[in-house]
Amino acid sequence: MSPICLFLFLWFDFNRINVLIILVIFFLFVLYFINQAKKGKSLFVRRIAGLDAIEEAVGRATEMGKPILYISGIEDMDNLQTVASMIILGNVAQMTATYDVPLLVPICRPFVVPVAEEAVKQGYSKAGRPDAYDKNNIRYISDEQFAYTAGVNGIMLRDRPAANLMFGSFFAESLIMAETGFSTGAIQVAGTANIHQLPFFVVACDYTVIGEELFATSAYLSKEPKLLGSLKGSDLAKFLIMIILILGALLETFGITKFSSWFFVR
Amino acid sequence: MDLYDQMMNLDRRWVYLVIGLVVTITAILPFKVPLYITPEVRSVYNFIESLEPDDVLMIGVDYAPEVMAELHPMSYAITRQCFSRDIKLLLCCLHQNGPGMVEQVIAQVSKEYDKVNGEDYVYLGYKPYPGITILAMGQNFRIPFPEDYYGTTLDSLPMMKKLTNFDDIKAIINISGGSGTEYWINYANGRYNAKLAIGVTGVMTSDYYPFLQSGQIFGLIGGMKGAAEYEDLAEKGGYISREKDQLWAFKSMPIQTTTHIVVILFIVLGNVGYFMSKRKKYGKYEHP
Amino acid sequence: MNTHDIIFNGIAAFLSISIYTFLYKDNPLYKFAEHLVVGVSAGYFAVILYYNGFIPKLIEPLRQGKFEYIIPAILGIMIWTRFSRKWSWISRYSIAFYIGSGAGIAIPLYLQNYVIRQLHATMIPVGFSTWQLFSNILIVVGVLSALFYFYFSKEHTGAFGGVAKLGIWTLMIGFGAGFGLTVMGRVSLLSERVVFLRDYLAELINYIF
């Protein structure tokens, strides 16, 4: 056997060639759209309804003259949801600076603090209010999940913010915070990709941004080519999956299994 | 504030008090609850029933004490069934707070059945980074676990002489309270095609039905109800005994029943209050 | 139950009740129990990690002359530079290696297990002649409508919007099921604690009298 053939035989699993083909197709989709975005081409992303809810929350806080509380989850900057949350925070900071509403940002992880400070500072600068930026409003509370939750609950009960915005990665503390916020009468908008916590946010908050919408919101707001390109690439992949699914189900119904069997991983 | 507004704005501490009372009263005055055995639990039981003596089953125990109420009964029932049928067990733990859980189960049950460490079961112990550990076990158990939990070299254990990797075991049953199950599905089943069944907490159960439907797992024991179903099957099979107080999850089913009824009543109360107060506010034919 | 069990189970019972006092309102007992569990679990994890990770994965191989383990040791030390503003750039190499190797292992497997195998499992025959075929329709329609909801390249208007609305209904039904299972899970934990407290009280009374 030639060395190349031996290499392929030992290192290449031909049973999973379908996985490779689909992986390459998805990568090509994403790379294509990132390239398009970098070239400046306008990529349409529908407006996420959660953004309207955020604007309503900021408006209400302005009317009531009370602060807005922004919670970015309990994970570190290596979690994509926290990254998306920081982008949304920058946008919220710009809105609050425009309407002169205090923005409180309690943080769970030390490494998130400088990122949050930078996001808020930039937001205030974009709104033309760099003087209004108050570093003391961005506070590190605790790394421990429930110690952080206790701290956030304390802020909610003492400062009585008019609006609570919770975007990021949450776990068991989600319902505790959402319930406390609900009891203070604040308008609440939440978003997370942690599926287990979505039911709690749906019942306790006024609006919930579900799963991938969190990343779509951050891509929509930032217009960052990589984020937009990834979103459009995954959209095209979803479209392809829908076509394959409909085709596969119809063919299976008529007893033709050859198409679906190609997707079977041995 | 009228009745409907009061229903909507009921202080949550009344809800806690009622649920606390219901749980306590049912714990003091239990009653029998008929149990329907779901196919996904029965498939795990039947699989173990189909094994021969001296077959090796792997149990990955990946949970901490905070979820032992739901998962410990599963571990005990499965271990008792296996030891009754002389099936050998290979246990490991991929959760940092879980080693004690495994030891509690294996120490107690092995004594009941006079099973010997190294011959009838091997407890590999705990290693961090579940994904890497499972990938390594798929090649050779000795890579991540050169010694067992008690410090004995694996090669010196009689049971391990014929075991190299997942190909030498009949199946893996992962009992997990966290993200460990994802690693077993992705790496053990996805990479090495190991036969896999899972036991998970109630919170996680709905996430794993797609994997049951796709055939990536052959069984799913979900939450305390799943544990109670398994205990019921094991009791009918003669592996655990009501007299010896070995049906923990099954005994908790009356509490589950009454509490769920109360929760449903509160949900109905809240929704009636919501719709009636909305109707009153906006009129019968007007809606915002 | 002997005296030793009475004392230690009594401590467990006291801490359980202390946590439950939070249901009324926050108080020093709850704070004490919460801080205790946080501290003990952090300390326990540190010890477990040291004896099950650090010693067998680094110290023992080095003692056995496997000096290639110095390379991952250096990569690990480099991550600690994150705490220094001046030297935190060094940690990026370790993080890049970690993310790169992790992505290389995980991405194909996640695609295989979470997309392709699920896609294959959803390509099922549909129809109205049997209950199984009808429930297959529900599965296929549910999956498609949820995918429609998460499609961001088109506005949710017209027929597309109608299917997306069906998608959100499907998601909400799923959330409801998840919520119900979560209630069961939480009640399980409560029931276990109540049974423990009941049994402890009975043993205590038995012990005293």
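Some notes on this structure:
Residue numbering begins at 1 within each chain, and the chains themselves are lettered A, B and C in the order written.
Definition applied: contacts are C-beta pairs under 8 Å (C-beta built on N, C-alpha and C of every residue); 3 or more make two chains touch, one makes a residue touch a chain.
This structure is a prediction, so every number in the text was calculated from the model and none was measured.
Taking A-C and A-B together, the chain pair joined by more C-beta contacts is A-C.
Averaging Cα atoms per chain gives one point for each, and the point farthest from that of chain B is the centre of A. Centrality by Cα centroid goes to chain C. Averaged Cα coordinates give chain B a centre that lies 14 Å from the centre of chain C. Averaged Cα coordinates give chain A a centre that lies 18 Å from the centre of chain C.
Chain centres here are Cα averages; for chain A and chain B they lie 31 Å apart. Contact of a single residue of chain C with at least two other chains is seen at positions 112, 117, 120, 178, 182.
Residues of chain A found to touch two or more other chains are 195-196. Multi-chain contact residues of chain B (touching two or more other chains) are listed as 203, 207. Residues of chain A touching chain B in their complex: 179, 183, 195-196.
Contact residues of chain A toward chain C in the complex are 16, 18-20, 22-23, 26, 44-46, 48, 78, 111, 144, 146-147, 150, 153, 195-196, 198-200, 202-203, 210-213, 216, 231-232, 235-236, 238-239, 241-242, 244-246, 248-249, 251-253, 255, 259-260, 263-265.
If you check the complex, the residues on chain B that touch chain C are 13, 16, 19-20, 23-24, 27-28, 66-70, 96-97, 99, 125-128, 131, 135, 146-147, 185-187, 189-191, 201-203, 205-207, 210-211, 213-216, 222-225, 251-252, 255-256, 259-260, 263.
On chain C, the positions that touch chain A within their shared complex are 26, 31, 34-35, 38, 42, 82, 95, 99, 107-108, 111-112, 115-117, 119-120, 122-127, 136, 140, 143-144, 147-148, 150-156, 171-172, 175-176, 178-179, 182. Chain C makes touch with chain B in their complex at residues 23-24, 41, 44-45, 48-49, 52-53, 56, 102, 105-106, 109-110, 112-113, 117-118, 120-121, 139, 174, 177-178, 181-195, 198.
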